[in-house]
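So, here come the structures, one by one.
Next come two complexes, and both contain subunit A; in the first it sits with subunit B, in the second with subunit C.
This part shows the complex of A and B:
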């Protein structure tokens, strides 16, 4: 990634703790800890992790649906955590949009496609007030951009009349309506059929190029992250444990967890019946984390200090980094 | 683990255990009959892993549920035969069916949380199966339950645990333990790992393979995840819109698929280790099965559809491409005819 291009959206030490239980027994769920990431214009950064690793929590903080426990979110050079007035939120959401995992749940079933697309246009004043024809024209253009053609047919349909892939395209068109600079895509293709997924991923890639949109692509699927993203972040139990350019991360994974994850992905092209791997343990309970590296109990290369203090970030020459004592800071 | 683990493409024995012939299943809805499974035929041999793959709504789960007759209205079996070890499953009465299910064929469902009873301990649910199907005494069922937990890699201290106290992977293991309770000849696995994370999925699939080699049961494995299936199965059947369009040993279906749908499907998912190339997916979406396309059901999405209209009008039959490879496509038929002419 070019050094002189500034990130459009970044986080510094972003942390989210959820408090559960009652006054007598309070439990802290450490969902996200000290997360640092950057989203650049016209680039895709993927956030990969298993369920419960905290990736959706990061996205929801970035969408300002959750308030961070601590840390900063910087958008276009401004720390937005401090600006939470309605006007500031509206301004922010006019530039940062979100696509959800489940297109069956994210579209209002009682409204037509036209309503769903015109609402953001109205709210963010993208169409001159009272100009029904302009609004209609913009809606048509949006549908055409996501390849729902002929758009005149789709505009009158209800979500239940559309297939999963078509609904997700409507959801993408809705995000596009406000001409965003960043799109947060939370597992946008995992609910879709295999034959439909590529179409939607390719569409997002085309829109990224056309409009210079920066994407944060959240997924549990490393293969699709490699396909779509320029850079991959791997999350485990609330921590981002490794960041690298996509190809580098796949070919040369540094963190033992990334290596485990890669060896577990089924992939026929690597030859049938891959070597069996030694896997022990399961993802830890986030309410009951020790002080050290959360992966330590499952790690085959665990050292004594792993159990006491979380390793700091070790940065490499190409800008990639990892949190692991196997790569000491010099 | 046995000393000779079976290899993909080479079933240990070629004795047929299950034979499905021309199976037809309909869902009768107010809008009309949905032909969810249409003239599907396949065999599963002893000790074989047969994978059934396809997109959602292609009829793969319906076919599996039809085999052990657990379909509920509005789904009806309207034709075909299901033969298991020489017995016709469709002709069985309630008593015979009761003996057939679980003792001979068990099923593992996708969602372990829904398959398990939340108010019974795991141990009790295993014992339930034993009590219902055998004459074991209480201390024998207890011993067997402990043994089954050991077999699937759950700490025997968990015998008294309730499903909500177990992780997703543990719950799925418990469901597998229940399926194996009576040493069935065949286990149907309907998306057993879809709800799990990749690492846990890998763990469980490794264990299932070991158990299969140890106890010698066959597996009918149903999933939408082709890369997983190619890795895990000996033979694969690909379904599209209620029809079986291709069957072949998994290695062959991955390296040289013959049906255009299979071919496009194999190019629809990005891989970790293969070349990083642009992939296209398949344009269009799967058809509505109340009014399926005429002829070959894939023809509206097929770029290779014959210009003379054959694909649109005539339904292709499954034909032998080689001794173990069958495909239902007019194009393949033509290619084979040409080969026959040139090679006398």
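This part shows the complex of A and C:
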């Protein structure tokens, strides 16, 4: 899909190391290493991985909440890591918005829904200054777009008067207020009841279509990624290990970790029989990773060189790629 | 019957509830807060109207000898007289003025210092936090009471306002620590990150996202500081470390003790100022409880959720 369309947001070799401890015993937590990904307008890229794999760190770097240790973030052809003035940052925030995982924590309990939605409108001058009626009208429109109807009822409510799903819709409306081109959705449905997840996913899909917004959809749930995303990136212990189109990844997983992840998904037709792949080991401690592939200790097809050097990217004809020695570099 | 109900709901009624903002309505409905406010406001009025309630003679003020020594309460002297023949009622009324203004003045200085130092330290982090934490620790281990005693020996007979100022400067560190730790918690919450993503500047994040979430803590610290200053000022005056010629509740107690009020059974010289101190402390504590119940928005909306 990427032949002729330019990505709107991309990263190159994005790396984040956290330093903990004191001057005497410093530990480096390698949260994200050499991450390369592209977000296209009107497309959804899913970032799938276990908790602690670095998904949220990538999102927070893209939202400019964390500063990358190294690597580039390119938005509309401009490297935004280099541009750090307040004006540039504000311009970026007007185009790239974020939805947080926990709708119970991401809305300030002391502010009404109207305040939440009107602040971004004011900050990014989406409403003519001094026009209270225009601001009100836009707030109503935003609430209607996220299907909180009748909007007049919601505008004066506090977050604690709303359900989880309603809160997440308010959070989506807040992200939408600045008319963004990219929305970073950090596990937007994982804290919601199963019964309302689909509604929120469908809402995001509709907004993608209506406004041509590109989504980076972070999740640990392969099923929802397959449903919502055009392309899936699989992440393990700070590394993106595989990228492919959603169907291709599900039907024909290449990296052993993706295979493991898929085998862990309950399959009704398989019944309660054990998975074909034996699951062993634990997620490694990111503070003392070896030089090689982080999945090597758990991998059933491990080779000698896996433990010494991280495999390079092997690209396939359809644009998908993986980091594994099972697929020799061509 | 049904008809009646319909008519009632259709008619818009002007009630107290519609006139007040939501938080104030919660305050009005809270019995503890209302009782506390009532007692406190009575004292504030007594303090404000002191010259009208108990007019003072031109010379000598509330300390002037106006009657026989140790006269029991009667029609002329409602609270009796002291050993020096001073009117206890006048002293208590004018003492209200001194004690409340010292308490609220110094309490307010304390809470302002707490907010500035505590929130700056918690929000900025890094070197600023290190330096401010050092400052807080220094003031924490600084023994306030002995310091005031030393200063009172140094400044000859400090008045209640000097004592209040010294108390304010020496006792803000505890509250600042509390606010700092609370700021640290809130700073890392997702709604602060969301405000950053929305493009809010730092000063707005501090004032409109973080501070409103600590309002109950700030108000309770403020009230605690006011109680602390009133009690400590009374204690120091009682110990004779203040200016004995000043008119405050503590000084009244000092003179009662000095004149052996217990031995002479002149209960009217120490019960009124003592009761006043207790009542003001009680009322402020009640208000504190009330605010605690109201300020949490989750507790605030008992109905209509």
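FYI, the second predicted complex is superposed on the first by the 319 of 330 C-alpha atoms of A that agree within 3 Å, B and C clash if a C-alpha of one lies under 4 Å from a C-alpha of the other, contacts with A are read in each partner's own complex, and residues count from 1 in each chain.
Operating definition for what follows: a contact is a pair of C-beta atoms (placed from the backbone, for glycine too) under 8 Å apart; a residue touches a chain by one contact, two chains touch by 3 or more.
Quick caveat: nothing in here was measured; it's all calculated off a predicted structure.
J.: First (subunit B), second (subunit C), both or neither: which does A:260 touch?
T.: first
J.: So, does A:88 touch the first partner subunit B, the second partner subunit C, both, or neither?
T.: neither
J.: So, does A:120 touch the first partner subunit B, the second partner subunit C, both, or neither?
T.: The second partner, subunit C, only.
J.: Pick one for A:160: touches subunit B only (first), subunit C only (second), both, or neither.
T.: Touch status of A:160: second partner only.
J.: Residues of subunit A touched by subunit B versus by subunit C: which partner has the larger set?
T.: Of subunit B and subunit C, the partner in contact with more residues of subunit A is B.
J.: If you look only at subunit B, which of its residues touch subunit A in the complex?
T.: Per the stated touch rule, the residues are 7-8, 55-56, 167, 169, 197-203, 206, 224-228, 230-232, 250-251, 254, 264-265, 268-274, 276, 278-283, 285-286.
J.: Applying the document's contact rule, which stretches of subunit A touch subunit C when the two form their complex?
T.: 60, 63-65, 89-90, 93-94, 97-98, 100-102, 105-111, 119-120, 123-124, 158, 160-161, 171, 174, 178
J.: Could you pull out which subunit C residues touch subunit A in their complex?
T.: Subunit C reaches subunit A through residues 189-191, 193-200, 209, 212-213, 215, 297-298, 301, 305.
J.: Where on subunit A does subunit B make contact in their complex?
T.: Counting only subunit A, the residues touching subunit B are 50-51, 163, 165-166, 193-199, 202, 220, 222-224, 226-227, 247, 250, 260-270, 272-274, 276-277, 279, 282-283.
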